[in-house]
Structure formats: structure tokens, C-alpha cells
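After this come two complexes, each holding chain A, first together with chain B and then together with chain C.
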Partner chain A sequence: MQYQSQSVAKLYFLAAMGLFAGQILFGIILGLQYVMGDFLFPEIPFNVARMVHTNLLIVWLLFGFMGASYYLVPEESGRELYSPKLAVLMFWVFLVAGALTILGYLFVPYSGLAQMTGNGILPTMGREFLEQPTITKLGIVVVALAFLYNVGMTVLTGRKTVVTIVLMTGLVGLAVFFLFSFYNPDNLVKDKYFWWWVVHLWVEGVWELILASILAFVLIKTTGVDREVIEKWLYIIIAMTLITGIIGTGHHYYWIGTPSYWQWWGSIFSALEPIPFFMLTLFAFNTINKRKREHPNKAAVLWAMGTAVMAFLGAGVWGFLHTLSPVNYYTHGSQITAAHGHMAFYGAYVMVVLTIMSYAIPLMRGQQAKSNRMQVMEMWSFWLMTVSMVFITLFLTGAGILQVYLQRYSDAPQAFMVVQEKISLFYWMREAAGLVFLVGVVLFILSFFLPQEEKNMQAQPA
Partner chain B sequence: MTQLHHSAGEQQQRASHAALASLLNLTLLPGFAFIWLLLNLKKCSQDGIDRYHTVLGLKLNLIAAVALLVVTGLMILAGGLGSAWTWVYVITYFTMVHSLFILAAVWALVRAWAGQKLTVR
Partner chain C sequence: MQEVFTKSMARNIYYGGSMFFVLLFLALTFDTQGALPKLDNSQNLTEQVAAGKRLWEENNCIGCHTLLGEGAYFAPELGNVYKRFGENKDAIKAFIRSRPVEGIPGRRSMPQFNFTEEQLDNIVEFLKYSSEINTNNWPPNIQG
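What follows is the complex of A and B.
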């Protein structure tokens, strides 16, 4: 670690780890509720567990992105963070707001939470992924603005690199597109239309810029490959991301009341969306193959390589699987969507945050890498999480295909719940894979907190 | 000396072309890119990196053809087009295995770019 102020990232990473574990716990509960509908009812109903599972994912990834930014921006800019105190203050604001929101979901009926938090004044609640009370959304805006001010001032007053410029573009985009969560028109078509401006333009737009810049930073540091080479790749990847991803939003506009031209625009541009993920894989493979040194943190390099591969599979291949409008006509909102969602989020965003954590946390402790034993444990966590996520995806894909066939394609379509019963075997297998994933999460966290073997640790050069 | 260096460069370029053809055959240009691979084989040196990657590309694509076309064909023959389970197996299997072949071809491509064999140093 080159600058003292980079250490504020540790707080964010710790919170991210805790919330990640919580997200997976709720995923396990949720998976069980698919096959045992009354499990934990009425304490934690399905809709609440689902809301907590998805909201925790978003919140911990945001903590991860912020932690990554606070770590890499000072190093890239060649100066201390503009205001470490503001970063710490915003951490607590965000953590308390996030915790209160999750507790609200769990202990207050949703309609009561809406009433309690004054949703009537500016109604924004009740939409998937954007369930947060309006006051929480306002808190997110405050935290995001303070965060952008802090990292923005650091970048503006320091050295400008392609990594920080791409990262800042992504972060500004993240904040700007979140503002559409405050637009909640009565017209359901308009509502859905702009809802995707938050959801799609986040995960298939600006978040990809954040992903690419974090990955580029870690690869520059761990491989010793020339910055110029990596920066050229970065430019091409983000160009392709924006060219395909922005109009690719159209793949959400099939049959929701929008003009029919979206069937063509959405199909063509979103069919091109795997390209930036394919290039990300090519970029990571090429950079690691041309590495000029063997970095002692082998786990971080493994995570970086895994990110590129799993993002390509989850976001690229599994996205393409159901993105063309004639296919999506049948598959829309089925378990195929869930399969894609799980692997894409894991491959693209979960893994890149785990990559930067794996790389940065030892450095913040004054080590280049963890002890060999803890690295082996971390690599076990990598394989357990990654392989189980592959199986979760395959089981959900199987469930989705069967669901589509029986419920939507067959000459004698069957009712939703009848079909759910018929695909329950896949849900059980998914649950088993989810438990293995949880073991991976626990090992990942333990690898940071169990005692390190001093003799194997490499001290960070001064 | 200059001639040798030039020759090595040419071999590396042909190796890169072969790896690219292999990747294209698995993705955008199935069949056509395989012909390109076969044509590349004629121009290759006796025992150079270009021949290695051309032969690797041919082998990878032939194995892929069996794994993807023959195996899925057998699945369809066994299960019948009218069975939901046939499509569960075929689509899931085809998507996953096809992706793995593409990833293998991408790795081969970056190794060819660097003038290296597939195996890690």
C-alpha cells in the first residue's frame, strides 16, 4: 500500500464481506422456500427473503466498488485520498442506512414500512430491486455524491490514468442512472421503460466500466504488463460495452407496450453484448500469459482470471441464450432468466470485488500476499464458489427449459404451480449447490481472519 | 540470421492465423474457417509452432464436432424432438460444452500470439 488513506477501503471491504455472507444465507433460505413453501413462514415470507437477497447483493457490491475505488484511486492518482474522514463518515452513513432498511424489510410489513418512511410524499417503493424506502434512496444519493466528490477531487488533483478515467465514468454513470429510481410514473409501460434505465444501464452499461477498470488495475499490478497495452484493451472493451449495451436495453422492451421496432433493435444490439465480455476474456488471458513476473498473491491472479471467464459465460453466453426476441417470447421471466442472473452477477461483479479484496487486503496489512496456507484456503473458496455457481446455473437452466416447454410451448400448457412442482428436482439440486457455495463464502472470509503463518508471508516492499 | 528470424516471425503469424481460424470455426464461421485451417496446414513448416497450432486447431474442432454435433444428435435420436427432457439435456449440454471449446480456443489464440505451445511454461 503506497498511501495511508487507501486503508479506508478496509472498512468497506469488511462490510461487503459481512453483507455477502448475509446475502448467501438468504439465498439458501429462499432456495428452500422454492421447495418447502412454508419454510420460515410467516417470520420470513418468500417475497421478503427475495427482497433481502437481491438488495443485499446490490448494497454489498456498492460497498465493494467504493472500497475498490478508495483503494485504487489514490495509488493511480499518485496522492492521498482527498478526504479520508469523509470516506469514513459516508461508510457509517451507508452502513447504518443499509442495515436499517434490511431490518425494516424483515420486521415491518412492507406497506407499513412505506407508510412509516413517508413513501406517500414521493412514492418510489414497490418495484423489483428498487424496493428501498424513498428516504434510503435519498441517503444513497447523498453517499454517492459525497463519494464521487471525494474520489473525483483525488483524481482531478492527481495523475490522470485511463483506469481512473474509466472508473470515474462508470461511477458517475452509476449515480446518474440511479436518479431514475425516483421517477415512478403511473403508466406501467413508462414505469418499466425507465426502471430499466437503472437496472439494465447499471449492470449492462456503467458497471461494466467499473468492472473493467478494477480488473485492469489488478492485472497491471500483478502481471507487470505495460500499462499502455492494458489501457488500449480497456478503451476497446468499454467502447464495445457502450455501443452494444446502451441500445441493448431494447431486449427488455419486448411486448411491454413499447413500439415493435425494439424487437429488432433489442435483438441485434443485445446479440452483440457478448463481444465486450469475450474481449475481456481475451484481454485477461493475454495479459496473464504475457506476465513479466510471478506475483506472490496467486489467489488474486486466479480471481482475476476467473472473473473474465465467468463474466463471459454468465453475462455473455447465458445472456445471449435468451436475448433474441423470438426466443425471449417463450423464455421471458422464466428460470432461464434466473440462471443468467446468477452466473452473470457472480462472474462479472461478485468476482471482481473478491479479486480486488484478495489483492488489496493483504497489502493494507503490510503483506504482499497471504500466507501460503491461507492462499490455498482462498483458492479452495474460489473453486467451491465457482464450480457450485456453474451447477446452480446449469440446474436453473434445466429448470427453465422444462418450465418453458411445459408451461408455454407445449400444445397443452400447464399451470404455473403445476409446473413448479415438476421442476422441483432442479430446485433441490440448486439448493445443494447453494450450500456448497456457502462453504466457499465461509472459507473466503476465514482466509482473511485466521492466523497467518509469519514465516511464509512476504513483507510489502517499502 | 535475418532469414531465420523472419521465418520464425512468419511461423508465429501463421500460428496466430491458425488459432484465429480455430476460434472462428467454433463461433462465427463454422465450416469456412475449417477450410482456412486446412489451407493453412499446407503452408506450414515441418515442425514449427505454425504446424503445432494448425494441427491443434484441427484436432480441437474435430473433437468439438463430435462433442457438439454427434452427441447432441444422439441425444435427440434417443429422446425424440417431442420430449421436454431432450431439450433440457441438449440446450444445457450444448451451451456449456460449446462455451468450454470457445474458451480453449481463446487460450490457444493468446498462446499462438506469443509464439508458445498450449501448455503453460
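What follows is the complex of A and C.
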């Protein structure tokens, strides 16, 4: 760590870890409700647990992105953060707003929350991933603006690198597309059309810029490979992302009342969306193969490689699986979607945030890397989480194939609830894999907080 | 080899390519908005339907169900439930009204929302409106 102010990132990473654990705990609850329908009913109905699970995911990933930015932007810009105080203030605003919202979900019936927060004035609630009360959404906008101002001023008054420019573009895009969450027309088709401008243009658009720039930063630091080469890769990856991903939005416009030409636009362009993910994999492996130094933080390098591979598998391979419209006609809104959603989110965004945490937290504590023992523990957490996520994905894919066949494809289609009963074995296995995932999360967190025992690997400077 | 493809070429592809596809996407969006009235059943978008959509949202039905294939995968698709229930509005109302407060032992359960008669009418009108959107024949069959 070269600048004092980078250390505000520590707060953000800490919150991210805590919320991550909470997210997974609620995932386990959901998984159990899938097979024991009355578990925790009516205290925590499925929809409530699901909101907590997905919203915690989004919030902790945002904490992770902000932490990553606060860490890497000063270092790249060659100056202190514009305002560390503002960064600390916004941390607390975001944490309190997030916590109140989650507590609201858990302790107030959702319709009551809508009344209390005046959803009638500007109705934005009750849509998947965008369940937050309107005032929470406004709070998110305020935090995002203050954050963008803070890192933006740092970038503008410092050295501008391709990494920071790409990162800033991604972050500004994230904020801009979030504004579509305030557009909620009575016309269901229009509502859905622009809902995807938040969801799809985030994960298959601007977030990929954030992903690529964070990964590039960690690779530059851990391999010592020439910036010129890395920057060229970065540009070409994000070029392919936007060239394929923007029109690729069409893969969500097949069956929601939009014109049928989207089946062509969506199928063709989204079929190309795996390309940038594949290039990301090549990029990471190439860079690591050409490394000019052995960085003592082996765990961080492992996470970086893992991100590149799992993002390609989850987004690229599992996305391609159901993206062509003749396939999607059968798989739309099935367990296949859930399988892909899990592996893609984990492989791309969860893993990149864990990568930067793994790299940066030891440095913020004045070490190059954690002790060997703790790195071994962290690598265990890597394998436990990653392998169990592969199994979660495979089990859900199995469930999905059977569901699609029994409910939608066979000559005598059966009712949804009947089919769910028949495929419950897969849900039990998913639950078991989920428990292993939880162990991985616990080990990850412990590897940062258990006493390090051995002497520190090396002292500063980085 | 390295020099054939330079960083500035990569940068230009990025700026040029993304600009072009943003514009194309906006053009397609514009065209879609123009084509929607023939597809989106907006002629039947009454006050009641709008009120039903609000109730749909403020009770987070999407947290268990899919609607036109989007949402959660825990409970049946509702985009075509009006048709699955034989276009019988009263049957849908009766189903929603009769959910036991404590759930059904061992079975995935739907909450008792204590809707008024008027609210139930609004929700059912919303579900009817949704079922008449032109979805290119999705879902493949009545089971959703």
C-alpha cells in the first residue's frame, strides 16, 4: 500500500465479508424451503428469504466494488484519495440504509413496508432484484454520486491509467443504468423491457468493465507484466463486451410481448457474448505465464485465475446453453436459469471481489501476504466454495433438464408442483453442496482473522 | 506480431464499436416502442389492471412466482394462470382467498394476504391482462 487513504477500503471489505456470510445463510434457508415447503412459514416466507439473499448479494458486491475502487484508484492515480472522510461517511450511510432495508424485509410484511415508505408516491418496489423501498433506492443514488465524485476527483487530478478509466466508465455506467429502476410504468411489457436495462446491462455490460479492470490491476501487481500489454488486452476485452452485450440484451426480449425480430438479434449477439469471457481467461493465463516475479500472495493469484475460469464457465458456457431462442423457449424461467445465475454471479463478480480482498487486505495491514498457514486455509476456502458451486450448478442443471422435459416438452405435460415433487432429490443435493459452500465462506473469513502465528512474510513497502 | 495490433487500435475498436452498438440498440428500442401497441395488450390496460399491478408489486408475488418467465422458480408461472384456471376469475379469487394462514404442512405454501374483494378483482384483472399479451406462444403449454 502506497497511500494512507487507501486503507478506507478495509471498512468496505469488512462489511462485504459479513454480508456475504449473511447472503449464504439465507441461501441455505431458501434451499431448505425448496424441499421442506413449510420451513419457517409463515415467519419467513420464501419470497422474503429470497429478497434477503439476492439483495445482500448485490449490496455486498457493491461494497466490494467500492472498496476495490478506494484501494486501487489512489495507487493508480499516484495521489491520496480526494476525500477519505467522505468515503467513511458514505460507508456508514450505505451500511445503515442497507441494514434497515434488510431488517424491514424481515420484520415488516412487505406490503406494510411499501405503505410505510410511501411506495404509492413513486412506485418502484416489488420487481425482482429491485425490491428495495423507493427511499432506499434514492439513498443508493446519493451514495453512488458521492462515491463517483470522490473517486472521480482522484482520477481527474491524478495520473490517468487505462485501468482507472475503464473502472470509472464501468462505475458511471452502473449508476446511470440504476436510474432505470425508477421507471415503472403500468404497462407490464414496458416495465419488463426497461427492467433489463438495469439487470442485463449491469451484469453483461458495465459490470464486466469493473471486473476486467480490477482483475487487470491485480495481475499487473502480482505478475509485474508490462502495462502496455495488459492495457491492450483490457481494451479489446471490454470492446467485445459492449459490442456483443448491448444488443445481446435481446435474449430477454423473446417472450415478454416484444417484437419477434428480437429472437434474431438476441440469439446472434448473445451467442457471441462468451467471447469476451473467453478472452478474459486467455488474458489471465497468458499474463500469469509471463510473470516477471513470484508474488508471495499465492492465494490472490489463485483467486485471479479462478475468476477468469469460472466467469467463462458460468457466464460463457452456461449462458450460451440457454441463450438461443429455440432453446430458451423451453428453458425460460426454469432451474436452468437458476443454475446459470448462480455460477455466473459467483464466477465473475463474487470471485473478483474475493480476489481483490485477498490481494489488498494483507497489504493494508502492512504485509505483502498472509502467513503460509493462513494462505493454505484461504486456498481451502477457494476450493470448497468453487467446487461446491460447480456442484450446485450441476444439480440445478439436472433439475432443470427434468423440469423442462416433464413440464414443457413431453407429450403429457405435468403441473409445476407435481414436477417439483419429482425432482426434489436434486434440490436435496443442492442443499448439501450449499452447506459445503458455507464452510468455505467461514474458512475464507477465518483466514483473515485468526492469529497469523508465523512471522509476517515480508514487511512493506509493496 | 505484437506491433501489428497496437493499443491504440484496440482503443479505437472499443470506442467506435461500443458507440455504434449503443446507437443501434437505441434505434431498435425506438422501433420496439412503436411496435408495442399491437402486442402488449395495452388497449385492455384499465385502472383496475394498474391497481392490480400495484398489488402484485406491493405483495412481492414475484418473489415466489414467475410472470412471463421472469421472477422466482419456487411456485407456478402466473402469466397464463388465467387460462390454466379455465378463464374462471372466481376460481383464481377462491384460490388466493383460501390459503391457510399457517401454510400447508410439508408443502410449499403461499401466504394468506387477507385481500378485500375489490383487491382480489384488481389482481385477477391484472392476471387476465397479462395472459393476453402476445408472447410469441410462450409458454409451450398450459402448465407454464
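In this text, the second predicted complex is superposed on the first by the 459 of 462 C-alpha atoms of A that agree within 3 Å, B and C clash if a C-alpha of one lies under 4 Å from a C-alpha of the other, contacts with A are read in each partner's own complex, and residues count from 1 in each chain.
Operating definition for what follows: contacts are C-beta pairs under 8 Å (C-beta built on N, C-alpha and C of every residue); 3 or more make two chains touch, one makes a residue touch a chain.
Because the structure is predicted, anything quoted here is derived from the model rather than measured.
Student: Who touches more of chain A, chain B or chain C?
Tutor: Of chain B and chain C, more residues of chain A lie in contact with C.
Student: Check whether A:37 is in contact with chain B, with chain C, with both or with neither, and answer first, second, both or neither.
Tutor: second
Student: Under the stated touch criterion, which partner chain does A:119 make contact with: chain B (first), chain C (second), both, or neither?
Tutor: A:119 contacts chain C only, not chain B.
Student: Thinking of the overlay built on chain A, is A:239 touched by chain B (first), by chain C (second), by both, or by neither?
Tutor: So A:239 only meets chain C here.
Student: Who does A:445 touch here: chain B (first), chain C (second), both, or neither?
Tutor: Neither partner.
Student: One more residue to check, A:47. First (chain B), second (chain C), both or neither?
Tutor: Touch status of A:47: second partner only.
Student: In the overlaid three-chain picture, which partner chain does A:313 touch, first (chain B) or second (chain C), both, or neither?
Tutor: Once the two structures are laid over each other on A, A:313 reaches chain B alone.
Student: Touching A:334 in the superposition: chain B (first), chain C (second), both, neither?
Tutor: After superposition on chain A, A:334 lies in contact with chain C alone.
Student: For the complex, which residues does chain A have touching chain C?
Tutor: 33-34, 36-38, 41-42, 45-48, 50-51, 110-111, 114-115, 119-120, 123, 125-128, 131, 184, 186-190, 192-193, 228-229, 231-232, 235-236, 238-239, 242-243, 246-247, 249-250, 252-260, 262-263, 265, 329-330, 332-335, 337-338, 407-409, 413-417, 420
Student: Over in the complex, which chain C residues touch chain A? Could you list them?
Tutor: 2, 5-7, 10-11, 13-14, 17-18, 21-22, 24-25, 28-29, 31-33, 35-36, 39-42, 45, 49-50, 53-54, 56-64, 66-77, 101-109, 111-113, 129-130, 133-136, 138-144
Student: Which of the residues in chain B end up touching chain A in this complex?
Tutor: Answer in residue numbers: 84-85, 87-88, 91-92, 95-96, 99, 103, 106-107, 109-111, 113-114, 116.
Student: Show me the residue ranges of chain A that touch chain B in the complex, using the header's touch definition.
Tutor: 278, 281-282, 285-286, 289-290, 309, 312-313, 317-318, 321, 390, 394, 397-398, 401-402, 405-406, 410
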